[in-house]
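Across the two complexes that follow, subunit A remains constant while its partner is subunit B and subsequently subunit C.
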Partner chain A sequence: MTAVLEAEDLAAGYGDVIALHGVSLTVAPNSITVLLGSNGAGKSTFLRTIAGLLPTRRGHIVFSGQDITSCRSDQRVDLGIVMVPEGRLIFPQLTVEENLKLGAFSPRARTRQAEGLDQAYVMFPRLKERRSQMGGTLSGGEQQMLALARGLMARPQLLLLDEPTLGLAPVMATMIFETIKQLKASGLTILLAEQDVRRTLEIADQGYVLESGKLAMSGSGAELIADQRIGSAYLGI
Partner chain B sequence: MSTLFSGQLLFAALVVGSIYVLIALGLNLVFGTMRLLDAAHGDIVMLGAYTSFWLFTLSGMSPLLSMLVAGALSAGFGAAIYYGLFRRLLANTQLSQRLEGNSLLLFFGISIILQNVAALCFDTTPRAYTYLDGIIRFGNVAMTGNRIAVLIIAAVLCAAAFLFLRFHIYGLAIKALIQHRQAAAVVGVNIERIQLLSFAIGFGLAGLAGSLLSMTEQITPFMGFPFTVAGFVTVILGGLGNLTRGMAAGMFLGFVEIYGVALTSPSLHSVLIYGVFIVVLFLQSQGLLGRRPS
Partner chain C sequence: MQPVPIRTSLIFVAVIGAASFLPQFGSEYVVAVALSFAMWVALAQSWTVLCGMTGYGSFGHAAFYGMGAYVQVLTWGTLSPWLSVPLAGLVSCLFALAAGYPALKVRGPYFVMLTFGLAEFLKFSIIGIEATLGQFSRLIIGAPSPNALYLAMLGLAAAATLITYVVSNSRFGYGLRAIREEEQAAETIGIPVARYKLTAFGLSAFIPGMVGAVMAMRLSYFEPSQAFDALISFNIVVMAMIGGSDDARGPLLGALFLIGLSELLWARAPQVYMIVLGALLVFFVLFAPQGLAKQLFGGARRRAT
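== the complex of A and B ==
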């Protein structure tokens, strides 16, 4: 099976700061692949580069066999690479429903906007209750649901999730992890950056550890949980 | 005092206000989506006015028709300026840091060029034509047909703009870009296309407003500047980038101008507008009015 995503020697940064120094990894179809690493390791930078929000300074990005290194972010969304960013980035002065509709902005998703809205409301009944409320007035957990639902409106093939449980109460975090598992079961491929290393590795098929913008370790979820270095660095064992 | 409550003044205020609403909306679109301060906005109004004037004078074309020409030409001009001047500036992250100030200078230059070219081509004689100037009475309010036409057309344009921004996916995308540029990119909005659209709509509305004005006012190459000022006052009054409040503020300014002049004297016309400007800036620095959503 060809990989959904192949990053080859990817470098990116901000101004004079280089945050990613040549990272190569692959994401297998219908898998949950996780990115681990301490604060500032480059996880968000990697995901932003894949989404096309940051220019690639070196290397290649191949999506389902197609080189997309020079594609714009909106073209990548249309191809099915959709990001749910760290900090959610919802539109504060638009209603929940308008936020969701914008999720289906790409031409491929737009034709099925109404159907997507119904599915989003079935998946997150809370959002249906709050459909005409401004995005900025939602609670943190509700905003995370909205960001996730908005991402799904774009009909992704590869979903990039950047710290979806950051700052959430444990119950809400559990619900997000459950949703991620369901999404995989429904056929999606997921690339996930998370702080909650143990729970993330429990659902991971494959994991990569970044350190200072470089790949430090990789392995299956089970291998990484068993690895002593992971235990001491991230799990407090 | 009793004239203050006459329908005559109310009608006059609505006509002036509706023109300001169109001008403010265009200015706000260009500012909101790109942080560009369009100091040439009033000069686009002037170009729209001349378009209708010449088409009427030379070929007898009704301004109700030539306003479409004026709108389309202005929209095309906006698109050309976007492609020629601003697209690359906006895409360059380093240059875009200083864009507000730079854009003010660039547009100021465009404004001077447009005024002088117009003065050269059309000379500086004030021009006017008569169209639909028959008087129509409703009760004790006397209105000229052209003012009624201005009011109706401006109202239709405002309603169309409002519905577009509220319900059309591209309207939503414009608001999305105003509120959160990065998030708009995340959901797959083609930022460049929305910027182009904002330029075209913003300039197109200014051209239409000018065309409407030409039916009722004298036009000169230098008529634009007061509208640029009125536009900025309105946009700041409503909160930079806040489209609906900006439109409401345009109507408010029309009322301030007409009732203010009625209460004082026509010579204070500009003083009133600058007065509102200063009062608004003063109140805003104390955080009372329309802050931009962060």
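== the complex of A and C ==
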């Protein structure tokens, strides 16, 4: 099977600072692929570059066999690459429903907006209860649900999740991990950057470890959990 | 895009229709005040398309007005004045696109300062060019009648109101609001942020350029420090803020309120006008930051896309 995403020798950065120094990795269809690494290792930079929010300094991005390195971010969304950014960046002064509807902004998603909204409310009944509330009045966990549901409204084929459980209560984090597993079961391909290494590896098909903007290690979820270096560096054992 | 409510369109047509008969029975003074009102409506509506919706506050809209006035005096005698008006809009629009490309990369107070700085830069550049050419003010002789100019301005106010209304209810308008709410998230859901901002900036400069061209004829002279006066930018911001809202209602209310106030005060107590204006602005920022539209229409919510 061809990979959904292939990154070849990807480099990116902010101004004079290069945060990513030539990372190559592949994401298999219908898998959960995870990016691990400490703060500043380049996980967010990688996801932002794939989503087209940051320009590619070097290398290529191939999505479903098509080179998208020079595509704009809105074109990538229309192709099916959707990122849920870190920090629950919802639209605070719009209602929950308006937030969701805006998720189906891309031409491909727009025609199925009503259907998407129904699916979002089935998946997150809490959002249905709060549909006419302002996004900014939701709790942290609800905002993360909203951000995730808004991303799904864009009808992704590849969902990029940047630290979705950061700062959430443990019960909420569990729920988000469950949702990610469900999304995979429904056929989605997921690239996930996370700090919670143990729980992330438990659901991962494939993992990549970034250190200072370079690829340090890779393997299946089970291999990485068993790896001594992962144990001492990230799991405290 | 939702269908235009019949009641709203009827009111709109009736008001414009009635206003176009004003020169037949109104005094010269009434027509002059109505022209000034139409001018501020046109300017504040244009400002709202960019600033009300995207949250990028421009403090430099005088630049577009001044550019329009300058185009009118430069082409006076060579081009038909009515041809110069759309040309002035086009020049302002192109200038906005060129200036907006770098300027829209910064936001918040930086964008405000940048637009203010650009407008001042343009003002002093034109003053310099005019001085080099030995022109300290240019006269316009043989301008159309005040009544004709009033009708032109009324048309511009109607067009600006229509543009704001259409944008406000369009997919484009919701994209702009998403940018205001959270620009990065807007980008992740596929809103072409950079293109949308630039389009809004260009759109918000078009009508002010035409307004400047009409006003140059009304004043029948051009003097750069007046045509590019920062007070024009300031007034636009105050009206839009007092009006509030990110649709076409706010600018109408703001202009009505401020023109009414200024007509009342200029005649009776000109020395306190600016003081009252300052106090009002403080009052609105502190106690009604969402403006008159919110106070009058309550939280009448818009529906998304």
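The rule we apply is simple: the second predicted complex is superposed on the first by the 237 of 237 C-alpha atoms of A that agree within 3 Å, B and C clash if a C-alpha of one lies under 4 Å from a C-alpha of the other, contacts with A are read in each partner's own complex, and residues count from 1 in each chain.
By our rule, contacts are C-beta pairs under 8 Å (C-beta built on N, C-alpha and C of every residue); 3 or more make two chains touch, one makes a residue touch a chain.
Values in this document were obtained by computation on a predicted structure and should not be read as measured data.
In this superposed model built on subunit A, subunit B and subunit C take up the same space, so to speak, and clash.
Of the two partner chains placed by superposition, only subunit C is touched by A:T95; subunit B is not.
Applying the stated contact rule after C-alpha superposition, one finds that A:S106 touches each of subunit B and subunit C. In the superposition on chain A, contact is made by A:V77 with both subunit B and subunit C.
In the superposed model, A:L53 makes contact with both subunit B and subunit C.
Once the two complexes are laid over each other on the shared chain, residue contacts for A:D196 go to neither subunit B nor subunit C.
In the superposition on chain A, the residues of subunit A contacted by subunit B and by subunit C overlap at 51, 53, 72-74, 76-78, 82-83, 85, 89-94, 98, 101-103, 105-106, 109-110, 150, 154. Here subunit A touches subunit C in the complex through residues 51, 53, 72-74, 76-78, 82-85, 89-95, 97-98, 101-106, 109-110, 113, 147, 150-151, 153-154, going by the rule given at the top. Across the interface of their complex, subunit A is touched by residues 93-94, 169, 172-173, 175-176, 179-180, 182-191, 293 of subunit B.
Interface residues of subunit C facing subunit A in the complex, by the touch rule stated above, are 171, 174-175, 177-178, 181-182, 184-193, 301, 303-305.
Against subunit B, the residues of subunit A that register as touching in their complex are 15, 51, 53, 72-74, 76-78, 82-83, 85, 89-94, 98, 101-103, 105-106, 109-110, 136, 150, 154.
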